[in-house]
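In the two complexes that follow, subunit A is the common piece, with subunit B as its partner first and subunit C second.
Take a look at the complex of A and B:
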C-alpha cells in the first residue's frame, strides 16, 4: 500500500543462482528487524533507474521466521519493461533500494489437510517460503516443479536435498518429463488444496484440470502478476489531484500518476488485488481492462478501472484520483 | 422480536450438482429428502450411480421419504435412526473421501449447521458445500451466558433450556458452533421480558 511505510534497505548480498536468475538479500538501513511475513507474501521493490521510478512486485523467498533480512529472486526477462534488467545489471551489494511492507495475496489455506504446490520456472519463489512454514508446522505438502533444463532451473537441487524426493518432484522440459496434473488431482484426500504459480498458460491449464477433476474452486489457488502491457499513449485527467497527464507507451496509469507526484494506492501492481481500483468519472473512448480482478459486468459497466494494468483508447479519460 | 441484518446469517443457495464431481455425498434430514428428489427431477438420474445418501427421517418419518430415496437406487442409501449415528457414519465417509467428492446438505437449519461443523473439520471450505433449507424454520441457538445450546427454537424470546434466562434470538450465527446466538433480553430489569413471539414455525 502506499501508506508511507516503505522501508529503505541496503542490498546485503547478490547471488547468481543460474544464468538468468539472481538472488538479492535486503537488510534495513535503520538496523531494525524486518517485519515478519507469511509464505506466499510479496513486496514491491522501488528502483531509481536514472531518475525513472520503477516498482516491481517480487515474492519473498527467505525463511518467514528470519526477520534479519528479506530475499527475493529475479529472473532476467530480456524483452521486459526493464525492472528485471535493472536489478540484474545495476544493483550491487551495498546499494540502497526501497521495499514495501509485505503483502500476502497467495496465502495457504490453513484449514487444508494437505497442500499441493505446482510451480513453473521462477514461479517457485513463493513456494520456497511456504514450504519452510509447512515443514515447521508439520503440515503435509508436496511440490511439483517444472523447469526448462537442469542448468536453467533454480533451487531444485537444494529443495530436493532439504525435503527429499517424496515431497519434491522435478520435471524437466528438456528431458520430456511433464507434471501429470490430472493424475495428481485424481487421487488426493478430501480437504487438499492446490496452489499454482508460473506462466499464464500453465496456471489456466492446472486450474481447468482441477475443476474437471471435480475440485471445488475454493480449493484451487493461483498467483499471477501481470506486467502492465504497453500500448499507445493516451491522456488522463486526475480530477481530485487536478493533474492533466499523458500515459506513455511503456507506462501504466498508476506509474504516470506517481511520476506526477500523485500517491495512488496499490498492492500488487499486477491487476490481481483490487487495491488500485479507481472510479471513472467520464470516459470519451474505450477502456482496455487488463486486470483479473473486476468481474465481467464491472468491466462492461465502465465505472471502475484498475490503473496498475489497464489502458484507454480515445480522447480523454477522467479519473477520481 | 428478532435482531436481523447481521452478516453472519447463513444463506442456503440450494442443491446444485457439479457435473465434474466424481462422487456425491448427500446428507439429508426430513423434508430435505424432497430437495434431492426435486434435483433428480430437474437434472436427471445420471449422478445417482455415483451418489451416497445418508438420511435421517426425523419429523418427516410419516412421509416415508426413505422409500422414495432408496427407489432412486443411488450407489449407497443409508438411513440413521438418530443424529448421532448419522454423524458417526458421516465422519467415516469423509475420512475415506477423495477430492472430487462434493458434499450436499438439505434439511432444517440446525441440521445443516451440525453437518457443516463436521465437514469443516475435514478441511472442506464451507463455500463449496451445497445446502438447501427444507422443513421447519426452527433454529438451534446457543445461550451466550451459560453456553448451553437449545435445539428447535421457534420463538423469540425463548427461555434457555439450560439456565432459564429469557433469550432474544439474533441473526448472529456461529459456523463453529452451528448455532445462532441468544442474548438475555431483560438483563437490566429482570422480569420485564416481552411475551415470546412465534418467529420460526
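Take a look at the complex of A and C:
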C-alpha cells in the first residue's frame, strides 16, 4: 500500500525565459496552499502525454516561503526522451498536471558558515530557491554561474540585480570566461560548504578540485541530473506482480512497470535516493548500473538494481517487484 | 470532543490513573503472543475513533498534568531541552506542525489564528493566549521548540539530515525511558542506538536508517516501542536514576498489579518542510497491570509475551528482577484461550 500525497495542479503561468528555457507556475486545484519546502528540493511532475505517463523530476526554484504556488524551469533538450519537449510544446496555462510532495536530496548544510554555489546552465534552478533562504536567514553565500552566452543564460541578470555583483559572478563560455574553481576552492574560511549542480563533467571537475585542495568530502555537495539513459530494449519478469514486460529503448524499468500497472516505489527517478532499490532474483545477462546510489560492491554482487536508471543486456531479468 | 483533564501526579504520591475510557484507548503494543524486534514501521495515518491513532498528534486526559510535570523537570534540569544553533528553522517547523495539529483536531482547547507572519495561539487548558511573529524568536517567551513542547505531550527530538546520516541536534526530553538528550546531543543515528542489544546484529538499524533518510514530506510514519516502569513515573532519566532505580526493589506479589506499569511509546517521525530535518515524537503512555487486565485479551497476552522475551531484551529493559513476579501475578488472567490477531481489545 502506498499513500498517495501527489497534488493535482493547474498551470497558472508559462513564461519563455530564453529560447530554450520555459518557466512554469503551478497552483493547487483544491485551492489549498502548497507545502513549504527547503532550498534544493525537487518535485516529480507527472504528465499525460496522449495516454503515455511521463514523470520527470524538476528542482523547485520559487521562494521556499511562498506557499501560493511552485515554480520550475525546464530546459528544452532536443534529443530527450520526451518530457521536456512535452512541457515546452504541449503545456499551456490552465492545463492540469500532477506534482509530488517536495523531496530534498540537495539540502544545504545548516551548520555552514558560508555557502559557495557553483552552477552550470539549467543547474541554476535549485540555487535560486537556496539563495532566497540564505538571504532570508542572513547567511553568507556566493554564486558562480557559468552560461554559454548571455542570451542563452537564464536568470543571470535578475540574480545580479537582486543580490549584486559581490555575491553573483557570471561566467560566459562565448566570452571565454570560466569559473576559476581552483582559486575559489583554495582560500575559504573554515566551515564553508560548496555545492555544484550542472553537467556531469563540471560536477566531477569541481568535486575533484575541492578534494585536491584539501576539502573534507562532507563539505562538498552535488546534484546530478541523471536522466534514464536510452539503450536496447530488454525483457523483464516482475515476479510478485506476475508481469512479463519489454523495457523499450527510451524507457526505464520503472516506467515500463508503471505502464503495466505495477505500483513501484520511487522518489527521485534519477538514481540518487535509493527508494526504488529492487532485488534481483535471477539475471541471465549483464546489469548496467547507471545509478550513484549503490556501492561498487553492491553493483558487483548483482543482487540489487535501481530500476529508475539502470538497464540490462541479456536474455531475461527477474525482479522481486 | 471536550476532554476532562485529570489532576494528578507522576512523582511522590503518584496519583496518576487512567479512566475507563482511557484504558480502552491504550496503545497495547503486542499484536501477537511473542515478542521480537522488527522494523515495525507503518504509515502514521488516522486510525480508529477513540484510539490514540484517531489524531496524528494525540491529546488526552493527562495533558495538563504531564505539562506540569515537564515544567518541574525543566526547573530542576534545564538541559533536558537543548537545540544546536543550526536548528532554528527546524524549531519553527515544529512549532507550526504542533500548533496546526492541536488547533485543527482539538478546536475546543486550542486556537491558532494567522495573519501573515503575525500568529495568535490560544491554549485554553493551560490558560495561554500569546501573539507573536512567526520566524522572530524574540517575540516568544521561550525559543520556538521549547515554547511549543512545553504545551505538547511526548518527548520531541529534531534530527538533522546530512552526510547520509541523522543527527540528534535538538530536543525536549523529559518523559524518557532511561536515555539522556544531554548525553546524546550531536550524535548520529548509529551512535545513539549503540546500547540496544541484538538489533544491530540483525541489521535493524541499517534498514531503519535507510528508510528514514527517505522519509517523505506529507507521509509521516510510526512505530510502537515499550518497556515497563515501576510507579507511573514519566521522568525515568539516567540523571535521576538514584530517584527511580531503587523503586525496582519495592515490587512484591501483593503490590505488583498497581505498582508495575506497561510503558508504551508511540513514536512518530515527520519530515519537516522548511528545514528538511525530521521530527521524532516519542509519546509515552502508562498503564498499570491492574488497569491493563480489565481488557481480557491483553490480560491473556501480556504474560505470554513476558515469558517469550529473550534474556538480553529483558535485561536491557530492566525487567530481569521483576519478570517472575509479574508473570506469576498475570497467570490468573491467562486461561489459555487463543487471542485474536492485532492490538485492539475484542
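Simple rule for what comes next: the second predicted complex is superposed on the first by the 318 of 321 C-alpha atoms of A that agree within 3 Å, B and C clash if a C-alpha of one lies under 4 Å from a C-alpha of the other, contacts with A are read in each partner's own complex, and residues count from 1 in each chain.
We adopt the following convention: a contact is a pair of C-beta atoms (placed from the backbone, for glycine too) under 8 Å apart; a residue touches a chain by one contact, two chains touch by 3 or more.
Computed from a predicted model, the values in this text were never measured in an experiment.
Subunit B and subunit C, once both complexes are superposed via subunit A, clash. Once the two complexes are overlaid on the shared chain, A:189 sits against subunit B while remaining clear of subunit C.
By the document's definition of touching, both partners, subunit B and subunit C, reach A:218.
In the superposition on chain A, A:275 contacts subunit C only, with no contact to subunit B.
Of the two partner chains placed by the overlay, only subunit C lies in contact with A:267; subunit B stays clear of it. Contact with subunit B, but none with subunit C, is seen for A:113 once the two complexes are overlaid on the shared chain. For subunit C, the stretch among 45-53, 117-125, 135-143 or 189-197 that collides with subunit B in the superposed model is 189-197. Common to the subunit B and subunit C contact sets on subunit A are residues 109, 111, 218.
On subunit C, the positions that touch subunit A within their shared complex are 43, 45, 86-87, 89-90, 160-163, 210, 213-214, 216-219, 273-276. Considering their complex, residues 109, 111-113, 185-193, 211-219 of subunit A touch subunit B.
Per the touch definition, subunit A reaches subunit C in the complex via residues 1, 3, 5, 35-38, 40-41, 64-65, 101-104, 107, 109-111, 137, 218, 267, 273-275.
Those residues of subunit B lying in contact with subunit A across their complex are 18, 20-23, 94, 97-102, 120, 122-125, 127-128.
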